[in-house]
Amino acid sequence: MIAALLLLIPFLGALTLLLLRPAQARAIALATTLASLAVVLYAWATFTGGAVTHLDLAWADAWGLRLKMGHDGVGLLLLILTGVVFPFIVAAGYGQPEDRPATFNALLLFTQSFLYGVFLAQNAVLFYIFYELTLIPVFLLLLYWGGEHRRSITMRFFIYTLLGGLALLFGIVYLLVLNGGNGDLAALAAMDLPAGTQVWLFWALFLAFAIKLPIFPFHGWQPETYHMAPLQGTMVLGAVMLKMGLYGVYRLVLPVVPVGTAYWQDTVIVLSLIGAVYGGIIAFRQADLKRLVAYSSLSHVGLLCAGLFAGNAYGISGSLYQAFAHAILVLCMFYIVGAVQERTGTTDLRAMGGLKSAAPRLAALYFLVVVNAVALPLTQSFVGEWLMFAGLWQVKGWYAFLGLTTIVLGAIYVFHAYQRVMLGPARDGLAAADASARDHLVLVPLIAITLLLGVWPGPVLDLVDTPVLQLLSGLTAP
Amino acid sequence: MSDLRPLTTRSRVVSDKRMTLMERIYLPAMVAGLLITIRHFFRRKPTVRYPEQERPRPAVYRGRHVLKRDEKGRERCTACGLCAVACPAEAISMVADERKPGEEHLYREEKYARIYEIDMLRCIYCGLCEEACPKEAIFLTDRLVKADRERMPFVFGKDELVEPMDPARRIDVSGRQTAAVRTFKQNPRYAHNR
Amino acid sequence: MTLATALFLLVLFVVTLTVAAYSTYAERKVAAFLQDRIGPDRAGPFGILQPLADGTKMFMKEDFIPAAANRRLFTLGPAIAMITALMTGVVIPWGGELTLFGETFRLQGTDPEIGILFVFAIVSIGVYGIMLGGWASNNKYALLGSVRAASQMVSYELGMGLSIVALVMLNGTLSLGGIVEHQAAHGWNIIYQPLGFIIFLVCAFAETNRSPFDMPECETELVGGYHTEFSSMKLGFFLFAEYTNMFISSAVISTLYFGGYHVPGLDRLGLDPNLTTLIGTAAMFAKTFFFIFFFMWVRWSTPRFRFDQLMNLGWKGLIPLGIANVLITGTVYHLAELWKG
Amino acid sequence: MAALFYILAAISVISALTVVGARNPVNSVIALVVCFLSIAGHYVLLNAQFLAMVHVIVYTGAIMVLFLFVIMLLNLNKPGGPRKSLAMRLAAAVAGGLLFLTLAAAVRQGVAITPAAGFDPGVGLVRHVGQVLFTEFLLPFEVSSVLFLSAIVGVVMLAKKDKDEAPDPHITGPERARRTA
């Protein structure tokens, strides 16, 4: 029931928007996302701890495809994430395109629907279908509402993702063949593949997620795409789509090819950490606020992936916790990019300065976000990153050390950007309005979540606890 | 501006060049400075402990004044007032009086200074009074004005200025009479002064 | 606390005050000598009674408290300055062991495990005297002086701490007695820690507000700085505290870097242990007096820094140097350990 | 020792109350300094000398000096300070009350305040603290140091001026021209 509601509410909302093209497209979209948020929260309220199956229908069993939907704690966490994030994305005031708002919002809703699908799917093929489906609305968003060079950049994004997708498809099909056509994720996890197979199959499965995240050598599409995409598109990409990669690793890579994971663990962690540090350094050199945030996201994601591959309770739960924290952070960051762009008419850091005197409230909100971005205590990022460092520490001391560098780098670029935008002498002719009611409506709840989860991470960690321990017992057993 | 030359050889052009690393460390310069001062530490001190020791003063030193008497012990001053006029600090004041009969052994001329005062706090010891004096009555000497806590004692009257009668205690000012002065005074026009 | 300790502390108290008092005389003499003068020489032979005359004068002066001042804090300021200045001497080892009447004493008030930290802690409290006194005067010069003093002392404590870290790494103890003994066994620290010594020395100048870092009482800019409004013995306490601090920091420098009461080769002479101890104490005082002289020597040789130069030197010069010193010391120490196997 | 403890405890409590009660912020700060010192005394009584000294150096010597600094520079010494709004006072009262409730509940639920069994008097000494800090608690230690580092970096970045602005007024002449070019 819940699964069907989650899939259908945004889907039907999107269809309504597409067909009727009402004037109040955004309000309707917002109402739809809020409705789905209510469903998600209901699911959370009734969640008791174990894995839940909402739907189990035969579909095309011969192809290993079965309409099996449900979630465990981690799935629920990502469902909550999707539910929480989308109302804010729709409500985000800046960057709402003038032309065809109905289509635009419909695409956002489609994305949400498919994302719910990804996080609900309990069948590998179903997972794959939803995973690829999410691409389509985002692809359209980028192509029609993107900025400069949108065609070539979107094309690059598409090619990268497609390659990863093909590898993933191959991996899943291979697994299906081995498993006698049973695509059930639990069944796949129970398979005991020979070590040699696992070692190469790991990359077939992981490549798509590595690109989606993206980690170091596969990140070529990311900064440009983030920069060019419309604000909402960037938010979707950064806040949720990226977590899809993380979820994929958690769902499809770690339990299915544990030996392969162990074999490649160090490689992936090192690549991730290289990306994390490299992203941080590049971010500091950026003269463009939006690009800076894009690279900072690259840096954070590197850490997330490294934490996930630490392969212990601290690392994995920290990574998943941080996945949620990062989504909130990315939303705030991009929202502020939009807010700043709206006021100064540019995202070029060199052309900014002194916004604080004109917009002190915005500056204060921005500062709270900044504090979260550098993972200061009492923010949720602190909890997540700390857990990840503890996890990495157990693997190798200097992994944690490299990870810690990203915090310092983060402080450098984030505060640098803040100084550039808000402090210093005001630029000539800057007559900006202070934070509007909408800014408050979007940023204040997000910051409240940040602070609340920073002080009281229990609820989210509880969700993650059981499944992670279960996963770990599977990892260590063979 | 370029043809303005420095007035002394000690002037330095201020340079704003970047200091080299050695200079920026400061320590070498500091050590150099310390060495300079420590050399002075062991140097002989030129201090003169004044009341006990006195620095020899040259004969032409311009210290406190004296009102001379002539060889017969008569005051040379006729209270003409030229010294007071010449005094740039207006430190000299006097009251003239007529010589009574029977005072010829005291005053050389018919007119003399009944009161003659110099405010030693105003005096700048320039010696113009001495130059102005047509009677060679006032001279600056190598004696010093004694310190005091009050102001009034610094106004010297005749009791302090006029030299003693006793020929043995006369104050010798010949040191102030350089060769040039002496020749000048040989001029017959000034014979009345002798 | 035994009677012996109490007696020792009393003697220490008197000695500290005497040294501080005579430092004022020494300062004037040194200044004079460096400037080719002879300095005070009227009170007693060579002016030896000058400090007494100064003290008498200080006591005779009117004890004036400005109307707008905060009376309580105004009085508290000099008191804190004086108390903290006198406290530190307790942990400094002035000599080795002395055997008298069949009992053995150490010429040290107490030797806590954290001796050097104790010195630091007390010094850091010393700022309050200056800050409160300056602020309570309700005078802008005094306030500026105390603000300068506070920022200066807080800043230079970092550099000082870093130089000490390297030293402690080598000596393996925070106890001052332990540090001296380590130096007696392995050679003076100045040989191993020249850079650390320079950093410590510069910081000591700043911590004691001595020229070239005497910005807090910089006469040309701030009249008298934090003690502008003080008169009589309250002023005397401030000045006294400065000289006491100078004495104590000289003693600390000698202890930390110049072997304290250790005299190389003295043990081998086979002298009476008591005599050895006394020579050691004399050596300690000689070293201390040398550094007091050095403080004065520098004061009368160098011009005052500008305040931004002071801050630049502290934060951008000494602190990075201190960190580098810690790193170098650690690396070399580790390599030496490896070498020894 | 017990007498010393009671004296120190009395000083702590009285000075802490003065911190809250004093109308002049400077008096508050001084009372807080006294409170810190007496707490350092408690540490010494527990034979945790290292902690005591670090406490004095860091809190009394550095942090409170900065507090005092700010109060003095901003001239915040008006007794009573600005009138707080009703909402502010209400919020403060609620927050304080909640804290009090929590503490009271904790005490009621039997936080046993008894001397720990087998108390090792050497636990607070430098050698032991150092050993534990660099073995058992290495990660938290390093993480907190990195946090401090990032805080420092953050402050530096915030306070740093743009390079292209306002050349140093002390530099004039050709050097200035060379630098601005």
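Per-chain residue numbering starts at 1, and chain names A, B, C and D are given in the order in which the chains are listed.
The rule is short, and it goes like this: a contact is a pair of C-beta atoms (placed from the backbone, for glycine too) under 8 Å apart; a residue touches a chain by one contact, two chains touch by 3 or more.
Since we're looking at a predicted model, the values are computed, not measured.
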Message = Between C-D and B-C, which chain pair is linked by the larger number of C-beta contacts?
response = C-D
Ask   = Computing the C-alpha centre of each chain, which chain sits at the greatest distance from chain B?
value = A
Message = Taking the mean of the CA coordinates per chain, how far is chain C from chain D in Å?
response = 27
Query = From the C-alpha centre of chain B to that of chain C, how far is it in Å?
reply = 51
Inquiry  = Can you compute the centre-to-centre distance for chain A and chain B, using the mean CA position of each chain? Integer Å is fine.
reply    = 97
Message = Based only on mean CA positions, could you tell me how far chain B sits from chain D in angstrom?
response = 70
Query = Of all residues in chain C, which touch chain D in the complex?
reply = 70, 73, 112-114, 117-118, 120-121, 123-125, 127-128, 131-132, 135, 143, 146-147, 150-151, 153-154, 157, 174
Query = Contact residues on chain C for chain B in the complex?
reply = 30, 33-38, 41, 198, 297-298, 300-302
Key: Touch list for chain D against partner chain C, complex   = 26, 30, 33, 37, 40, 49-50, 52-54, 56-57, 60-62, 65-66, 68-69, 72-73, 125-126
Query = Where on chain A does chain D make contact in their complex?
reply = 353, 374-377, 386, 389-390, 393, 400-401, 404, 407-408, 410-412, 414-416, 418-420, 423-425
Key: Complex contacts: residues of chain B adjacent to chain C   = 27, 30, 33-34, 36-38, 40-41, 43, 45-47, 49
